[in-house]
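Structures are listed in the sections that come next.
You will see two complexes here that share chain A, one where it goes with chain B and one where it goes with chain C.
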Partner chain A sequence: MGITSRTENQGRTIFINVTERFDFNQHAVFRKLLNDAKDGCEFVVDLTAAEYMDSSALGLLLLLRKKAGNNRVELRYVKPSAIEKVVSASNFSRLFDCKAVSPL
Partner chain B sequence: MLAQAAADTSPVQVLLVAEPSLASELADMLASFDFRLTLRHEPISLQQLADQSHFDLAIIDLSLVVASLSGPACDAQLPVILLGTEAEQQSLQDRFTTLEPVIEDFLLKPVQALSLRLKIRALIKEVRLSRQLEQQNTRLLEHMANTRAEAEMASYLFYNNLMDQVSDSIRGYNRFLKSSSDFCGDLTLARYSPSGSIFIMHVDATGHGLSATVTLMPVVDTFHSMVARGYALPMIVREMNRKLSYKLPPDRFVAASLVEVDLLHEQVSIWNGGMPPVLLLNAQGQKLAAFPSRHMALGILDNASFDSGVERIELPAGGGLFSCSDGFIDQSNAAGQAYGAERLLHQLATVPRDSLMSSLVASLKEFSGLPAFDDDVSLYYLYFPELRLFLDQQHSLESSRRLHEIHPFNWSMNLFGQQIARQEVASTCNDLLQGLGFPQSFCQRAFTVISELSNNAIDHGLLGLSSGLKTVSDGFAEYYVQRDMRLQTLAEKDHLRIQLDWRVRDGAPALCIEVQHSGEGFDAEAVLAKPREELSGRGLLLIRRLSSSLAFADAGRLAQAILE
Partner chain C sequence: MSDQCNTDGSLNLVFKPVSRRLALVVDDEPINCVIMQSILEKMGFETAIAHDGYEAIEAFELLAPDFVFMDVIMPHMDGREAARCIKSMTSGRFTPIVFLTALDDPEEVHACIEAGGDDYLSKPVDPRLLRTRIYSLERIRSLYQKLSRQHDELLFKIAEEQENEALANRVFLHAVSAHNEPISGLDSYSRPASCFSGDLVLSCRLGQGGIRVMLGDFTGHGLAAAIGALPTSELFHAMTRQGRSIPELLTELNHKLCRILPDDRFMAAVLIDIDPVKGEFCYWSGGMPPFVYKSKDQLIYHSSSGLPLGILENYDFVSEVGSGRLTDIERILLMSDGLLDVRNQEGATFSSCGFKDLMDSWASNDGFFSALDERLDQHCQNRLPDDDVTLVSIDLEKALAVLNVSSDQSADLSPEPEGWEWALASGGGYLLDHSEVITALTDTKYLQDWPAEQAERLQTLFGELYNNAIEHGLFGLDSSLKSTPDGFHLYYEKRQALFDDPPPGQIRIQMTFLPRQQGGCLRLVVQDPGKGYDLTRLSELEQHDDPSRFWGRGMQLVRSLADNLIIHPPGNRVEAELRW
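Right after this comes the complex of A and B.
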């Protein structure tokens, strides 16, 4: 439930998994995760199990992008889904490496 | 500012009431404790005990308590450890006494050092905890009072600074705003530009409440000042983004849609970054077209990657534009369904236009079944025919009689080099004409003519830009990039002169506007002889429509327009 994370690739890739609602309530956990992350990491944010995302969540993704610097940030989500709608309406696909997957 | 309450480290105060010998014996037992002991050898009454509230606890030899043990209960606030004989303990046990509410424990004499110490240790711990709790409660109350005061302040700012009354005076523009808390992260405003264009801004800041409202301030300031100075939509959007991207923290941004309705050029421009689609409706409220978000919200991208390109359509005769924030479409009901775009389109085509705002809001309330909405909700409808009618009425209302009352004047300004790049000629002239008492509609015409003529003089005459660039796709962006670059090369030899001359000509007062430059001229006769549709490139068609005469001299470097 909420946010979980793991690292791969000798700690250079951080996987962040968000389930259910991605909104302001995840703010503290997400920020701590970013603060703890080493510089020079790439990120994969898995939203395939998330059901909802609001503008605060988009703000958190912007923070993550800033943390990543020039490194890759990948967003994974189901298409079609509520998440996909938010990502496309906000044109965030221009800032992130987006991977839309088909529903199971 | 909230003063951080210092943690209370003052020693625990203990009152010991006993005969001198017993008292010193007890004091020795408790020597290892960190508290302040006050000795009293005289008897103590219940009333006196009730007055000892500055003590945290009391140890009292029952033989020194002056009280009938029946009567009203003792209302002392401090816990008391009684010391007494077995017989005394028995008498307290048999019936309720006035002392009972304050008795924390009863220790038999002779007092065992260990049981006294354990008891005292537990009580001191309790006293410290309850003190801490009390302090935290006080701080929490202060915090709450502060938060409330700040909420009121922000609410005041919102309603007085951001929600201007000017917007409500623009006929043909109707809006609705409802915040989910004391303040709103949504806002929509409308303003007339000096040329008579109507600008509409619709924004939705990240999050809700105070922090969302605060992020709107720079947007609103930019909107007001740039619209008032006659800037074009792409420049306004670009400046809003620039300001927000350095003023806001990285996780904050503002979704926005901006619209300009240019009644003179019969053109509507739309820029949408992160808002739901702006809808073009026909007279029956049916959707003709949608302008979805093609850009990122404001405050995310740096100036170089930001795209200020707008979509343009010809101003339709009927119908209007509708826009709402996502709080409207995403509002869900008890079953977890969202209101949705389909339902919105159906409502738009069903409810009467006169009561569009209230009908839509009523429909949303009925759908959600809730007294308040989950998110801030804002919407507006811009009805084209009413905008037009209002503009025409304004023109006819301001009678030519007023123009006759304005006495003659002559004003001119000569600009050289970089001053040409820095000055906003049309805006300066507009301020001047307003100060001289010209009616609004006349100022709007003059503003448009002056801005067309001075832009022609600068862009084509001094900078040598080709308007052909603007006709190809992406040409607009390229045009402005080149324009910015060439403006920096203007040197002192480059000259722009503008003159306004107001006096009676042929029996009627008229304003003669002259704009002259030192750059490349053009074959005015050949251009003016072209068919009407080809003139639009240089705005000459528009100038002709607004003025009673347009002439060129000095090989096309001097333009002269007369307004009556």
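Right after this comes the complex of A and C.
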């Protein structure tokens, strides 16, 4: 439930897995994650199991992007899905490395 | 006071005299009172005594004790009744009532607890058991106090939040909304998720007679959203008044929002310019749902292609601005994503449950906003939406019925660099008087270098053609009515009534001026929505030159004033030329 994360590559790649609703309630977890992350690490955010995402979640993704600097922030989500709609409506695919996967 | 029960080490720490002030002992047997007093005082309590329920209530009111030890069976008022009263007096704080019962009867214990007792002890009271009960109840009380304190803090926070929202609302109303010019035909609908909505509607007339409308959607609500709304509104109005283009405005807005908003905040927005002179609209949209326009009987959805504002510092807006022709477009609808995402109790979004029907009602322009309100009520069932719902509907005919002045050196119509073209559409519920049109034209200073007699000639000529267009083309009045003095009066009464509440339709006026080395040439075109003149009848009339007749003089005057006059069949478009 919520957010889980793991690191690889001596902490340089952080995998974040978001399930169910992705919104402002995840702020605290995200902040901790960002504080713990090294500058210039890369992120892979797996939203394939998320069901809902709002604009404050987009804001959290922007924080990740800033932390990553010029490094990769990859978003994974199911296409078509509610998440994919939000990502494409906001045109965030231009900011993130987006990997749309087909539903199982 | 000293704690004398420190033989039991585990309870020693909790028995601090500071939290133990006054115990009320209620018993009709004086000997029992004395025993309890002695035990409690050893534990650090001060004590007070009451002998029946009435005295207990009185003492409770007067002394506000921290504990009550209550006998059950007493004269006048028994312990259970007294406990009920005391509990009803102590909302907001926790004062434990411990019943002291002679019987260990489960029924009686049940009745005591039901009456509001927090615990019970059998008589004779065992001091060790009493101590344990007090310890346990004090623990509950401290938990209760903590909860109650947190509850108060929460209430305070909520009040503070409400105050913040009210402040945001005030800021929004005075500093943001107040700057919006009223534009007829522009209606907006808003159902905020909180007091200040993160949604923002800005509108302004463009220098050249068109309009600019923006719908923004900030992440967040309340003050956090209002922070960005203020500079956004200021920039929007200032730059629009300066005649700055969409990309110029967006670049500034984006720059400003990047600097002032926290990294995780931004503003999705759709911005649209409507330019009736060029007959086109320009738009940019970032992170918003599609905007919709109605063209003929089709609804056309324009998806958003840009990123929201306040994210990327260097952003090329020029390449993202789109445009389209206004021909055949009746109405344009902008919306924030709140509408599509409103959920009902089952969690289904509005976009999946009623959006299409709603758009059909918008297309037929049939009480759209009240229909929207009803549908949302039905959908939400009194719940507030998660996000703000905002829509802006622009009725182009109404919105553009007011002056559309162009100083463009429009390439196809006035190739001379010094020339000008001036166009206007009047009508659609907002009909202008001919003097208002002339005033507007003279205000532009276009005529300031003209010889006075030429300016007067234009005014007269224009007045005739424009009034003809209104009276015959738009109102359908019959001039022959003016053949008697009473009829003349009736004609103008009718005209006045129709002027105040004009029928639909527009009168289009276009003036193109080409300066010559000396003097110049002005072409005036007036077009009305009517069926046209009966051209043969008109020429017949002009043969019979009776200066005393009440009607039919207008066209004659026009002919005499104009250097060239063309009436385009069927007669609803007249072109006149002035040269000097």
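We take it that the second predicted complex is superposed on the first by the 104 of 104 C-alpha atoms of A that agree within 3 Å, B and C clash if a C-alpha of one lies under 4 Å from a C-alpha of the other, contacts with A are read in each partner's own complex, and residues count from 1 in each chain.
The rule we apply is simple: a contact is a pair of C-beta atoms (placed from the backbone, for glycine too) under 8 Å apart; a residue touches a chain by one contact, two chains touch by 3 or more.
From a predicted model like this one, the values you see are computed outputs, not experimental measurements.
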*asked:* Tell me the contact category for A:Ala100 with respect to chain B and chain C: first, second, both or neither.
replied: neither
*Of the partners chain B and chain C, which touch A:Ala49 in the superposed model: first, second, both, neither?*
neither
*Looking at chain A, which of its residues have contacts with both chain B and chain C?*
55-56, 58-60, 62-63, 66, 89-92, 94-95
_Residues of chain C touching chain A in the complex_ = 217, 219-220, 263-266, 268, 286-289, 304-308, 311-312, 337, 341, 386-387
*For chain A, which residues are in contact with chain B within the complex?*
24, 55-56, 58-60, 62-63, 66, 89-92, 94-95
_chain C contact footprint on chain A (complex, rising order)_ = 54-56, 58-60, 62-63, 66, 89-92, 94-95
*Name, in rising order, each residue of chain B that touches chain A in their complex.*
204, 206-207, 250-253, 255, 273-274, 276, 292-297, 300
